[in-house]
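The structures considered in this document are given below.
The following pair of complexes shares a single chain, chain A, combined with chain B in the former and chain C in the latter.
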Partner chain A sequence: SRKQLVPPSVDLPRFLFRLCFQLSPTSPEPASLPAEDISTNSNGPKQEILLDDDQEDLFAEATEEVSLDSPEREPILSDGPSPAITPVTPTVIITPRVDASMFDRSPDEDEEAEENGDTFDLQIMVSDPEKTSLNLFNRNEFTVKRRFSDFLGLHSKLASKYLHIGYIVPPAPEKSIVGMTKVKVGKEDLSSAEFVEKRRSALERYLMRTVNHPALLKDPDVIQFLESTELPRAVSTQALSGAGILRMVNKAAEAVNKMTIKMNESDAWFEEKQQQFENLDVQLRKLHASVESLVCHRKELSVNTASFAKSAAMLGNSEDHTALSRALSQLAEVEEKIDQLHQEQAYADFYLFSELLGDYVRLITAVKGVFDHRMKTWSKWQDAQVMLQRKREAEAKLQYANKPDKLQQAKEEIKEWEAKVQQGERDFEQISKNIRREVGRFEKQRVKDFKVVIIKYLESLVHTQQQLIKYWEAFLPEAKAIA
Partner chain B sequence: KGSNEESAPSVSANSIKITDITQDGETLTFAITSQKSSSSAGVCVFRTYEDFDWLQQSLLSQEDVPGLLGVIFPPLPGKPLPSTSFTQAKALKQFGFLALGDEWKIYCKALELYLQQVAAHTTLSKSKALSSFFSSTESPGKHRGKKGIFKRLSHVMEEMRKEGHKDVDKFFQSERDSCTHLSVLFKVSTEKFLDTVLTKQKLAVACGHFSTSLHLVCNHDNPAAVTFSKICLKLSDIIEAVKVNFEKVSDNDVSSMGLALDLESRYQEAKKEMLFRRTCKLVELEAANRNSERAKPNKKAIMEGVQKATQKEFNLISSVAKKEIEQYHRARVSVLRDFLVSWCEKQLSTAQETSALFSQHLEACRGFVV
Partner chain C sequence: MQNSLPELVKCDVFSLFNQMRSVSVDLNNDSSLLIDIPDALCERDKVKFTVHTKTTLNSFQKPEFSVPRQHEDFIWLHDTLVETEEYAGLIIPPAPPKPDFEGPREKMHKLGEGESTMTKEEYAKMKQELEAEYLAVFKKTVQVHEIFLQRLSSHPVFSKDRNFQIFLEYDQDLSVRRKNAKEFFGGFFKNMVKSADEVLISGIKDVDEFFEQEKTFLLDYFSKIKDATAKAEKMTRSHKNVADDYIHISATYSYLLICLHSLCVINAYRHLEKFSELLEKLRKVEGRVASDQELKLTELLRYYMRDIQAAKDLLYRRARALADYENSNKALDKARLKSKDIPQAEENQRQCLQKFDKLSESGKQELTSFKGRRVVAFRKNLIEMAELEIKHAKVRIKSAVCSEHNLFTHN
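Then we have the complex of A and B:
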C-alpha cells in the first residue's frame, strides 16, 4: 500500500512516476538486417540477448526497479518495505534503425561514416504520470532518433558537469568494439549485424545506467536527450568517446597529482576505498580476459561441431545398411542443433558476462576519476589557504608602510581569499560527501547488476541442457532401432 | 608346430577383461582376466605390449589354416608410449581417441576389445598362440617367433597399382570400392569428432580459470561488499559446474562414440588389407594363367601345376573372405549400434543431471537477497 505523498521540499529529489524506456528497431525493411552472424534461435524460446529479426521488442518484460536510496531521503523512507515514493523504473531498450546510409558509403560521406555507423530509435514510455507532481516530460509516449555521436555528446556534457563534484558519471561506449577485447569476437565490419547488436546493447546499458542515477535523470541535458525530436549535432565527438573523456580527465587529474604534495588523508575511508577499487580493477580485468577466452573457445566448438555434423551426414549418405544410415543422418541433425546451442551459449557468455565486466572496468575508470577530482579539490583548497596566509603576511607588512590605498587593497584581498578558503573547504566537504554516497550507490548497484546477469545466465544454461535432453531423447530410439 | 588344437578348450570371449594397468618406467603391464568356456575358474595373466604384438604376429603366420589370407584380422592398437617419452600432441596424432582418458582407460578398452574379437573369431580362436597368451605363466612375447610374411598395404607405387587392379568378381569389386570410400569418410569423421572433444576440454580449462578468478574477488568491508563477494562465489560455483559438465560430456564422447569411430576406422583398414591380399593373389593367379598359356611344351606341365595350385588358393581365400565380409558387416552394425546407444544414454543422463543442478542454482540465485 502506498503511503500519502509528503509534499516535496526543495532539496529532495523526488521521482513520482514510472519511466520506461524502450528502444525498438524501426528499420524500413524489417528483413534487411543480415542475420548470418546471429543465431536464428529456431529451437528454443526467444532469448533477450539475440537480435530478433521479426522486430519485436526484446525486453518487454525487463523492467528494472531501482530504488533511490540517497542518504538524504532515508529519514523519510525509513518506514517499511514499500517506500512512500514510487521508485523510478527506467528500462532502456535500444534497437538499431538501419539507415540506407549505413550500407552505402560513398567517399565523401566518410566523415559521417566514421563518426557514426548507425542510428538508433529510442522509444520512451512514461507510465503512471498522474502521480507526477514534477513533470519531467511533455508526453507519455514518444520515439526519438539518436545517432551514436549523440550519446557521446550527452556523456561529454554530463562528465563536464558532474565528474568534478564527485558524481560517478557512467562512461559512454567505445567507438570501436575492439576497445577492451584482446580477442576478436566477431567481424569488425561496421555493417555486420553482430557489430550493430553489440553497439546497440552497449548504448542501452549506458543509457540505463545514466537514467538510473537519480541526479542525472533530472539533468536538463538528459531530458532533452530523451525527449527532443531534433538534437543539435554533437560537436567534434570524434575525439570524445566516453573512455576518451575519462582518459582526458584522468590525465589532467594525474598531472595535478604529480605537482601537488601528497594529500594528508584525514579520512581513512577514502584511502581504503581507493585501494579497493585498484584491486577490483585488476580482478575485473582478469575476469574479463577469462570470459573472452571462454567465448572464443565456444565459438570454436560451434565451428567444430558443424564440421563434424557435415561429415556425419556424408557417412549417413554413403552407408549401405539402411537403419545405420538413417541413424547416422539423424546424428548429423542432432549435432547441427547442438551447434546452434553452442552459438547461443557463446552469445550468452558474451552479452551477459563479457559486456558486464567490460562495463564495470570502464565504470571503475570513472570512479578513479572522481577520487582524483577530490584530490584536486583538496589541493585547490590548500592552495587557497597558502594564498590567504601570504595575503595576511603582506597586509601585516603594509601596516607599517603608511600606504593606505595598498593596505585597503590588501584587506580586500584577504577577504577575497578567506572566502575562497571557505569555498574550498565547502567544495572539498561536498565532493567527499558526494563520493561516499556515490560509492555506496555503486556498490549496491553492482550487486544488483551481477545478480540479474547471473540469473539470466543460469536461465540460458538450464535452457541449453533442456534442449539437449530433448535431442538425446529423440535420438535414442533411432540408435536402438539399428538392427 | 600345429596351430589348431581341437582338444584345447577355448577362452570365452565375453569373459576377457583388462582389469589393471601398471607402469614401470617405459613399460606398461596389463592384467588380464579370463575364463575358459568350459569352466568358471578365472585366470589372470600379466602381459606387456610385446606379448600382444607376438600374439598378432603368431596369428598372421599360422601355417596350416586354409585360406588364412582371406581372414580379416582384428586390428591391434599401436604400441603405447608412456608419458615420459611423448607429448600430448604427439600421442593424439598417433593414437587419436586412444590417447585420451585417464590412466589409459580408453586404450585398455581398445586392447580388451581386440582380445575379445580374436577369441570370438571362428578360426583365430582355435590358435594355440591365443591359448598360450591366456594361460602361460611366462610372457610369450619373450620368444620372438617369425614375423608374418603377409603383404601389408604400403605406399610403394607397385603396390598402389595392384590395389586398383580390376576384380573378376562383382561382389568383391563392390566391396573394395565401398571400402575405400567409407574408410576415408570414417577417418574424416573421427578427426572432426576428436576436434570437438579437444575443444570441450579447452572449455573446461577456461571455465576452471574463470571460476578460480572469481574466488579472488573478496571484500568484507561493508554489507554491499560482503554480498558482492557472496555473489561472486556463487558464480564461481556455477562456472565450476559448467566445467564439470564439459568434462563429463567429453568423457562420454571419448568412451563411447570416440572409441567406436576409432575401432571402426581400424577395422576398415583391416578389411582393406584383407581385400588387398586377395587382390595380390588375383594378380598372381592371372600371371600364372598367362605363364601357363605361353609356356613352352617342356615347361607346360609345371606351369599348369602352378596355375592349378594358385587357382585353388585363390578360391579358398575368396570363399573365406566372403564369409568374413558377411560376418564383418553383421558385427560392425551391432558394435556401432551398441556404442551409439551407449553414447546417447550417457549424454542424456549427463544432461539430466546437469539440468537439475543448474535449476537448483537458479532457484538459489533467484532467492538471493540483495
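Then we have the complex of A and C:
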C-alpha cells in the first residue's frame, strides 16, 4: 500500500471559492465512475469526493462545445489579483488507469500514439460557490476525462497566448516514449505502474500550478479544459510537449543572443534578477541531480538489504546453536522490514524532492524565457524607433524633391511608425510590469512549495525512524537472549 | 591538491579502539602475556605496526618491549604455524588480510578529477569524509592484526611457539627469515588446501558422531556465512553511497541558499536555513550508520567466515590423518602377507593411529570452544549494532523534530 502524496491546498487570504479537483485514471469500464477508485488510490480530501448520482445526466447534457478553430484567442490580462477574484486553490487527485480502448487504435492514429498516453479522469469540485462573485463554472461538481495530450494541448495554447507578454506559464510534464510503450505493451510490472504514478503526480502538480495562476484560471481554454465533457483531440501540430515549447523558447533566446542585443538595461532590478535566475538554474540542476542520485542509491540499498535479509535467514537456518539461530532469523526479519522502510523513504525522496526540483528546473527555464521575450520586445521597440528615424529622414529628403505623392506616402509611413513606436514602448512597459508581478508571485509560491515539501519530508523521516526504532527494540531482547 | 593519500598517518589508535575490540572475545586477559598494537604508521601503501608486548614469562628477555612489523611478517608467522605438524589438531587463527586502501584511494582520485565541478565547501566535506574512510580502513587493519596476535597469546599452546616469540621479540628485520620460509614451504601448502574441501566432502562418513556433525555443519555454514558476508558488504556499500549523496545535497543546498539570499523574504530564509542544518546533521548520521554497520555486522561476518575456514582446515587435516592411518593399515596387511618389514609397518601404523587420536582429541576441544567463542562474539556485536541503530534513529528524529518545530514557529 503506497502512500499517495497529494499536493496540499494552499490557504490564501481572501479567496472566495475553492476549486478542488481529483484526477484519477479512467476505469476500463467507462460507465462506472471512479468514485471507489479514488478511495483506494488516494488519501486526499476524501470528504470532497463527488458522488456519482448525477454523472450520467451530466454527461448527457454536455453544454460546452468550443471549437478549436476560434480565431481570436485573446489573453485575459489582469493588472493584479483583484479582491473579487482571488486565486483558487485546486486540490488535484489524479488516478490513472490504462484505457482499454487504446489498443484498438487505427493505424493513422499511431503517429500520435506516443502523445496520447493514459486517459485520466479529472474530477472537479467547486466548493463555497455562494461566496463567489464570479461564476466561472456552470456546475459545482463534475468529472471529465482527459488524455495526456490534452494537457499538452492546453499548455501550448497558454504558452502561445501568455509567454510573450511576460506571464510565467507553468510547463507541462514531458512526454516519455519509453515509459509509455511499456504501459501500452501491458507490462504489469512495477516500473510501468511507477511510470503511470509519476505521470499522474506530474499532471496533478501541473494543473495545480496553472489553476493557481489568477489570470490563467480565468482563461477560457483553461475553463474549457476543466469543464467540457468532450475536448476536441489536440491536433499534433498544436500538441507540443512541454519540451517542445521550451525548445522554442530556448531557440528564441539563442536568436536574441545571436543578434547581440546590447540592451541598455535602465532597470537594475531586471539585471539583478536575471543574474539570480541564472545562478538558481545552475544550482537547482545540481541539486536535482544529487537528489536523483540519492533516490537511485536508496533503491539500491533497499534491494541489497532485502538480499542480505534472505542470506541472514539462510545463515540462521544453518546455525546449530539454537538461540543464535533464532536471533539470526529475527535479524533477517528486521532487515526485511527495514528494506520496506528504505523503499518508503526512497518514495518520499522522489515524490517530495526530486520531482519538485525537476518542476522548478523547468519553471526557471520558463522564467528565463519570459525575460528573453522582454528583450525581444525591447528590441522590437528599438527597431521601430530606428525605422521611424529613417522614415523621418526619408521624408525630410522628399521635402526638397518636389514629389508630392511620395511625400504624402512618406508622411503616412511616419504616422504608421510613430504608432508602432508608441505600441512598442507600451508593450515593453507592460511586459516589464507583468514580469515584475509574476516574479514576485513566483518567489512567494516557491517559498511556500519548498516549505510544504520540507515539512512533509520531515514528517515522513520521523515516521520511518520511529518504525526503525520499533524494529530494533523488538530485536534487542532476542540478541540478549543468546546464551 | 595531490591525489595521494596522506603520506604519513600516525595514529594513536589506543583510545579509539575500545569499541572495536569486539570481533573476537576473551582475549588479552592473561596478564602473563599481553600484546597490543598501540601505534601504526602508513607510508604510501606499507603499513608499519608497532607490536607492543608486556610479559611476566621468563622465556622472554625483557618484561616489556616493542618491535616494528609489516603485514608480511604476520603472514610468515601464520604460515609457519600452519606448517607445524604439532599444531595439526588446533584451529590456527586466520591470517589477517592484507591492508587494502584501494577503495578510498580510488575515491580520492575521482574526487580530484571532479574538483572543478564542486564548490569549495563541498570539496572540503568530501575530502573530510574520504579521510575518515581512509582512517576507518586503517583502524580496521590494525585491529585485525592485533586480534591475530591476541588469539595466539591467549592460546595455551600457541603462546609458547618459538616462532611466535621470535616475532614478538626479534628486534631486527624479519625479512631474511621470511624469504627462507617461502623457499622452503613454497607452494606446498597451497596445493594441499586446494583439494581440502573435496577430501572433506567426498570422505567416508565419519564413525565419530561429533566430527560427522561438525563436518556437515561447517561445510554448510561456511557457504552461508560467505554469502551473508558478501551481501552485507553490498548493503554497507550502498549505505556509504547514500551518505555520500547527502554530502553533495547538503553542500549544494546551502550554496543554493546563498544564491537565494537576496531573493528571499527573510523569514522564509530562516527556516530554509534550518533545513540546511538538518541536512548537514543527517549526512553525519548516515555516515556513522554506514560505518557502524560495517564494523558490527560486516566485519563480524567477515572475521568468522575466515575462522570457519580455519576450523574446516582442522577437519581437513584430521581427514588426512585418517587417510594416512588407513593407508598404514593397508601397508601393514600387505607386509604381513609378504612377511616383510612387519615391524616397520606396525610402527608406522601405531604412529598414524596415535597422531589421529591426538588430532581428534584436541580437535574436539578446539571446535567446542570455537563454537562458544563464536556465539559470544555474535551476541555482543548484534546487541551493540541494535543499540547503535536505535541511537542513530533517535538522533535523526530529534534533529527532524527540532527543524519542524522551527518551521512551525516561524510560520
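The working rule: the second predicted complex is superposed on the first by the 367 of 483 C-alpha atoms of A that agree within 3 Å, B and C clash if a C-alpha of one lies under 4 Å from a C-alpha of the other, contacts with A are read in each partner's own complex, and residues count from 1 in each chain.
Note that in this section a residue touches a chain if its C-beta (ideal position, glycine included) is under 8 Å from a C-beta of that chain, and two chains touch if they have at least 3 such contacts.
Owing to the predicted nature of the structure, the values given are computational and were not obtained by experimental measurement.
Engineer: Superpose on chain A as described above, then tell me if chain B and chain C fit or clash.
Structural biologist: In the arrangement built by aligning on chain A, the partners chain C and chain B clash.
Engineer: Please indicate which partner A:440 is in contact with in the superposed arrangement: first for chain B, second for chain C, both, or neither.
Structural biologist: In the superposition, A:440 contacts chain B only.
Engineer: Tell me the contact category for A:386 with respect to chain B and chain C: first, second, both or neither.
Structural biologist: In the superposed model, A:386 contacts neither chain B nor chain C.
Engineer: Just checking: does A:475 make contact with chain B only, chain C only, both, or neither of them? Give me first, second, both or neither.
Structural biologist: both
Engineer: Output check: A:401 vs chain B and chain C. Expected answer is one of first, second, both, neither. What do you get?
Structural biologist: neither
Engineer: Starting from the residues of chain A touching chain B, keep only those that also touch chain C in the other complex, and list them.
Structural biologist: 272, 276, 279-280, 283, 286-287, 290-291, 293-294, 297-298, 300-301, 304-305, 307-308, 311-312, 314-315, 318-321, 323-324, 327, 331, 443-444, 447, 450-451, 454-455, 458-459, 461-462, 465-466, 468-469, 472-473, 475-476, 479-480, 482.
Engineer: Flag every residue of chain A that touches chain C in the complex, lowest number first.
Structural biologist: Spelled out, the residues of chain A in touch with chain C are 272, 276, 279-280, 283-284, 286-287, 290-291, 293-294, 297-298, 300-301, 304-305, 307-308, 310-312, 314-315, 317-321, 323-324, 327-328, 331, 443-444, 447, 450-451, 454-455, 458-459, 461-462, 465-466, 468-469, 472-473, 475-476, 479-480, 482.
Engineer: Which part of chain B faces chain A closely enough to touch in the complex?
Structural biologist: So the residues of chain B touching chain A come out as 178, 181-182, 185-186, 188-189, 192-193, 195-196, 199-200, 202-203, 206-207, 209-210, 213-214, 216-217, 219, 221-222, 224-225, 227-228, 231-232, 234-235, 238, 242, 329, 333, 336-337, 340-341, 343-345, 347-348, 351-352, 354-355, 358-359, 361-362, 365-366, 368, 370.
Engineer: Can you check the complex and tell me which residues of chain C touch chain A?
Structural biologist: Where chain C meets chain A, its residues are 213, 217, 220-221, 224-225, 227-228, 230-232, 234-235, 237-239, 241-242, 245-246, 248-249, 252-253, 255-256, 259-260, 262-265, 268, 271-272, 275, 278, 371, 375, 378-379, 382-383, 386-387, 389-390, 393-394, 396-397, 400-401, 403-404, 407-408.
Engineer: What part of chain A is in contact with chain B in the complex they form?
Structural biologist: Within the complex, chain A contacts chain B at residues 272, 276, 279-280, 283, 286-287, 290-291, 293-294, 297-298, 300-301, 304-305, 307-308, 311-312, 314-315, 318-321, 323-324, 327, 331, 440, 443-444, 446-448, 450-451, 454-455, 457-459, 461-462, 465-466, 468-469, 472-473, 475-476, 479-480, 482-483.
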